[in-house]
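Multiple structures follow.
Okay, so chain A shows up in both of these, paired with chain B first and chain C after.
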Partner chain A sequence: MKTRLLTGFLSLLMPALVLAGEYDLTVDRVNIDTGDFVKEGIGYNGKSPGPVMRFKEGENVKINVTNNLDEMTSIHWHGLILPFDQDGVPGISYPGIKPGETFTYEFPIQQAGTYWFHSHSGFQEPDGAFGAIVIEPEGREPFRYDRDYVVQLTDKHPHSGDRIMRNLKMMPDYYNREQQTVGEFFSDAAENGLMNTLQDRMAWGDMRMMKADVEDVQGFTGMINGMGPDQNWTGLFEPGERIRLRFINSSAMTYFDVRIPGLDMTVVQADGNNVQPVNVDEFRIGVAETYDVIVRPKDAQAYTIFAESMGRSGYARATLAPEEGMEAAVPQLREPARLTMADMGAMHGMDHGSMDMSGAQDMSEMDHSTMQGMDHSGMDQGSMTMSEKGPSDPFYAKGSGIVPTAANGGKFLSYADLKAQDPLYEDREPTREIELSLTGNMERYTWSINGVKYEDADPIRLQYGERVRFKFVNTTMMTHPMHLHGMWSILDAGAGEWNPVKHTISVAPGTTVYMETEVDAPGQWAFHCHLSYHAAAGMFRKVIVEGGPDATQSKAAVATEEGGDA
Partner chain B sequence: MNASKLLVVAAAMSMSATAFAAGAHGGGHGASSGEPGKASEAGRTITVEMYDNYYEPETIEVKPGETVRFVVENKGNLVHEFNIGTPAMHENHQKEMKMMVEHGVIQGGKLNKQMMDMDMGNGHSMKHDDPNSVLLEPGQSQELVWKFTGKGSIEFACNVPGHYQAGMYGDVNFK
Partner chain C sequence: MSRIRSFVAGSLLGSALLPTAVAAQEMIADTSSRKQPLTSWGVQFEELEYRYSDDDEELGVWSADFFYGTDDLKVRWLTKGEYAIEEQAYEGLENQLVGQVPISDFFDAKAGVRFDTPEGPDRTYAVLGVAGLAPQWFEIDANLYVSEEGDTSAGLDAEYELLLTNYWILSATLDATVAFSEDREIGVGKGLVSTETGLRLSYDLIDRAFSPYVGVVHERKYGDTADLAEAEGGGTEDWFAVIGARIAF
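On to the complex of A and B.
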């Protein structure tokens, strides 16, 4: 992949050695075999996932991307800080890459850590067009490990992305296998009383949501590094070694709860940025997020990496072992989590103007005391460690049905545990706040921001040099991983100057989450929910950064002229 | 400087049993990391710098029976520990350190001294005064004199939760 190092002649003349690497990627039609089914998809250099691109901080990279498809393509370098015209979003950064053409990306690598890359065209990414990026830091890492592995997750579906989107538009619950049944209605009625159950169902109907909408695209096979559960990707180790696992969630739609029974995990990095180490038993990885963990298996035995989908409709599985072919027990999927009325929490007292909220009145008249009784209906009581009030996490609505708990009763990572190891930016007061309501109508499969979908929306205009506080108010029943391109998202985790820096901020139903952005990258950028079908349905914005160095302004004008789909 | 001198004295006098007791439970390799040394017997000084989250140097070489004067400097932005012990001792001590974080004694870059002195009942406190260890805020430095009595599997480690696991330890190699 790395064809040549152009470090020779020029660098001899320069005071500092500048590393320059040239890389080639082809975008190809490939077959993807999950072990459950084989289907055609899109990959890089003949495979999905594509190669692990290994860069070095301080290097200038040149990446030649050749489009062997019969349609337009693009590559977005997810989480990398780079000039906006190298960011790879058709219609925002550039027009895209035509069939048969080669586009050469050139940008300096200004950061270190675990990232990934993927197509930003149509549904090529759900169809397999993604790969991993590993950047070695200039200095030493603030932790030690003997070997490292990329663990790239995806939710491979037998249907193509286009077909899934068509089906969702026709019938939003097409892929929702966990809908409540008539039988469940009667068992709920027996437990909670007929009237309470009726009111509950009616309220949900009025919300244009279904109670089991934890995952709206089910029926996938979870994969790790291109291998399904039975194909069992295996990472080798010598007992006593520290292993760095670089988890990347490249799923179209699926959050995973990840654990390795028998091993403690120490989280040392989130979204490419080092965090103060946190020991956990399990963590939830949102779509597009990355977490790096260090594990230290002391015994010469196999360990299962088990990644259950948040809605428990599927799982990915891999193995760490001293030798190929060894396996450990694969846990059973836990009971599906069910959303509760609490997951609608933020709808009270909000500006309902933009939403279809005909049911809000009925809801506020409900007897809230009955909700307490319902909260646990879908939960695995055995896995609960907390009191009868249920587990809590400040990043989930109080009484939410999807608060994660560790399968072994131990520690589950929360956003509240994430603290920057070495804060990237000085803490300062934001210059202004922008409120973004995450909105949607499940019955029509429309997803939007402030009730307006991308094609009808004005761009968000930011001024170079300001620090903007974004207020995400999730008015929907789904969890949205919000991804701002080009600039860091400083998550307000309540840690002040130690707040972690991320590229993707997950916002759970019924919650309000804040992030701040130092507007330090001129040009125009994409800002969207990273669930593929939500982004495509319109939960997407263009962000324009005004001001800053002059040269970029004229480039922005050129990039927009050609247009195209984002 | 006065404060740190006092701490050294306090540490040397207290001789808390926990470090040794933990070692006895740990088993393996005789499970002894040595004993507090006399400054007058220290043949040399090793400066250990603590960063976020690693040591410089990461290995030291000693002779069995040698007494070493360590000067430990916290050059990071977080609270760090320098603790000499066997892996099993460190594992046990990590539970105590976890409690210190949960009680707010260790908060990122700060130590809550008042809370460390608090009587937790049954004669327990979170003083962290074991003679095989120093716990420092950013910018602080402190001495520790240690006699390495025998060969064994000994590491110096920071047991602030997560730090050891992430690799903040160093090896003591016997010549």
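On to the complex of A and C.
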């Protein structure tokens, strides 16, 4: 049950009339039916995904979360700016919510846009414990739409999260069914020559790395709003309407390439923050990211929302249609992606200085000459050159095998296209840089930062008021969606003061990506790769923000709030 | 309210523009399971099979491995057996309990004990070994054994999996044993003792949990060991047709 209370209270810092809403969530064991299989999982208010939480900017929310499980739980409000003890990470924000207990979250909503929430305990999130958050802005939005839908993606797997983790530890390729086979050897040999193919296989075999290592966990059913491809979630529209689709990737492990054949998409928001509109045919949504797009179907026909996994091992599908029951053609999956030696780039200690996107540097003029000159330990340069003819995107290694391309040959969204509509912060020089190497060993399924797993790591200490430039150097062959809690991640997309403000930054293999953070939230926060099994294996840090508004002021603020709610 | 949050202007102004209800709560220490080393376990039967030899001998054979532990330390129980169905006797029965620690990106060191309790005399060995993934995807397990009699020997197991498809897998195995001294009581001569080579074609029927296979296995004894076997009236070479399943859970 959702009740909204309107209570006015006086505050020194806020307008006289403040919205306050009270919401109830229960955490329950549920059955999840993907159409392919039924699996017991965890949901909210009896369902997975949970309800769409609709808040209003400026509202003070009170959310009562009752744990009906027989284990601890937690809810993290992904992307929301709030006091650290409301952030919902067990061991960092608070101890968690015990079985049978109700925990009441209370925090002011200081932002607008599309976000989501999920459990931060164990593998409850992959098991289904997530939902969407939609925050209505105080003011007018810089774009128009007639209706909006949440399009929440997930990669539901028939195995529980615990079992997946265990299987990955036992056999890291347990779920990889896109490995290179004898057949592929011969087809590659026919295409590139026998010697080239043999040398290529030997070079990878020498590193004990797999070109096919794009998706760790395959065998899932892609779902949209809790419905599998055959169950076909359908959003209705009247021809000519503008529809805002709020894409949220709540997957445990899967990046999706999203397109709606027959419709142009205008990206207007990324990770809850408005961006200058970009028209695209397709976009890649990393795990935990959100993108809001506007589409305007003019004809009274059905359109397929097709979300193909980055490794092409599965897909999610939904439909936009004028009436229930209509459907459009569902595209075929494209060929599985293959990594190239370029994606291994940083593993050989290469300096990706050329990936530095600071200032208003023109991407197309970026110098990638170091890439071509590097020694690939016996790798045949002939086959390198071939891959270098492929598509390019400054956020992928030059010659990378996983640079996305639009299925219709059109425009594919790049991070380089994202420009803030209304920057949240003044642009200023960072006070210091912190380098974070994203590290791992696929054959042991260990994942870490700077070679140290969370269990052995000291916290990252930041000072309140500083602006930190984080340098992510991805030395692994996997793409990592890095998520800093509590403070915004300003992605260095080369747009200076217009750099987009995000909560999750995807770092492709063999690349260096920078983000800056205005350290404006005291307390302690989680900072981790949002791939569930990478985070659990150790690619995780605690960030402590030292200093900031002093404790007496804080107490006063809390007291005022509580007084007002009574 | 301004959407620009400036810290250049000082935190006082910043906090006035943006009232954050900072709770006066303690920053807790992370004692959650996430901060603990991830503990895992697994059970794998690399071989669980019925063997039929070229001289009509029937064997039930397994080679399995149970592990429990963290990235830094695992305990592993390896068990191998060859049961002669007609004789109702174990031709071979070997159990190893080892601790395993990583020593490089791809290799672990192992140390522990091995108990051989087949039909006939028993042996206990100290085990020291390395196991891991060699370049070009060869899985290697090399061990040094010292028996309670003081005899030393070494074993090398190598395996290569060829993916015909992502479900049909042809695996080639080679196990070789070398003895550095004779242990006549258990029929081991000095030098190369024996090899077992196998070729198995499997199909992953249920994930990688259940993969039935068929294959051929060749066992051969060499040198003094072969002579000892012949003196006992046994053979020195066997071909087997095998049918079985790889199991992992």
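Just so we're on the same page, the second predicted complex is superposed on the first by the 479 of 566 C-alpha atoms of A that agree within 3 Å, B and C clash if a C-alpha of one lies under 4 Å from a C-alpha of the other, contacts with A are read in each partner's own complex, and residues count from 1 in each chain.
One rule holds in what follows: a contact is a pair of C-beta atoms (placed from the backbone, for glycine too) under 8 Å apart; a residue touches a chain by one contact, two chains touch by 3 or more.
Remember, it's a predicted structure, so these values are computed and weren't measured experimentally.
Overlaying the two complexes via chain A leaves chain B and chain C side by side, clear of any clash.
Of the two partner chains, chain B is the only one touched by A:Arg296; chain C is not. Looking at the shared chain after the overlay, A:Asp422 reaches both chain B and chain C. Shared-chain residue A:Gln463: touches no atom of chain B or chain C. In the superposed model, A:Asn68 lies in contact with neither chain B nor chain C. In the superposition on chain A, A:Met170 contacts chain C only, with no contact to chain B. When the shared chain is aligned, no partner comes close enough to touch A:Thr104: not chain B, not chain C.
More residues of chain A are in touch with C than with the other of chain B and chain C.
Once the two complexes are overlaid on the shared chain, A:Gln332 sits clear of chain B and of chain C alike. In the superposition on chain A, no contact is made by A:Asn31 with either chain B or chain C. After superposing both complexes on chain A, the closest C-alpha pair between chain B and chain C lies 14 Å apart. Overlaid on A, the two complexes show chain B and chain C touching the same residues of chain A, namely 422.
Residues of chain A touching chain C in their complex: 11, 13-14, 81, 83-86, 90-92, 94-96, 106-108, 110, 122, 165-167, 169-171, 174, 177-183, 202, 205-206, 208, 219, 422-426, 428, 441, 443-444, 446, 453-455, 464-467, 518, 520-524, 536-538, 540, 542, 544, 548-549, 551, 553-555, 557-558, 561.
The residues of chain B lying in touch with chain A in their complex are 51-54, 77-78, 108, 161-163, 165-168.
Interface of chain A with chain B (complex): residues 140, 142-145, 242, 264, 266-268, 276-279, 294, 296, 419, 421-422, 498. The part of chain C that touches chain A in the complex is made up of residues 3-8, 11, 14-16, 18-25, 27-38, 40-42, 44, 67, 71, 102, 105-106, 133, 135-137, 162-167, 207-208, 248.
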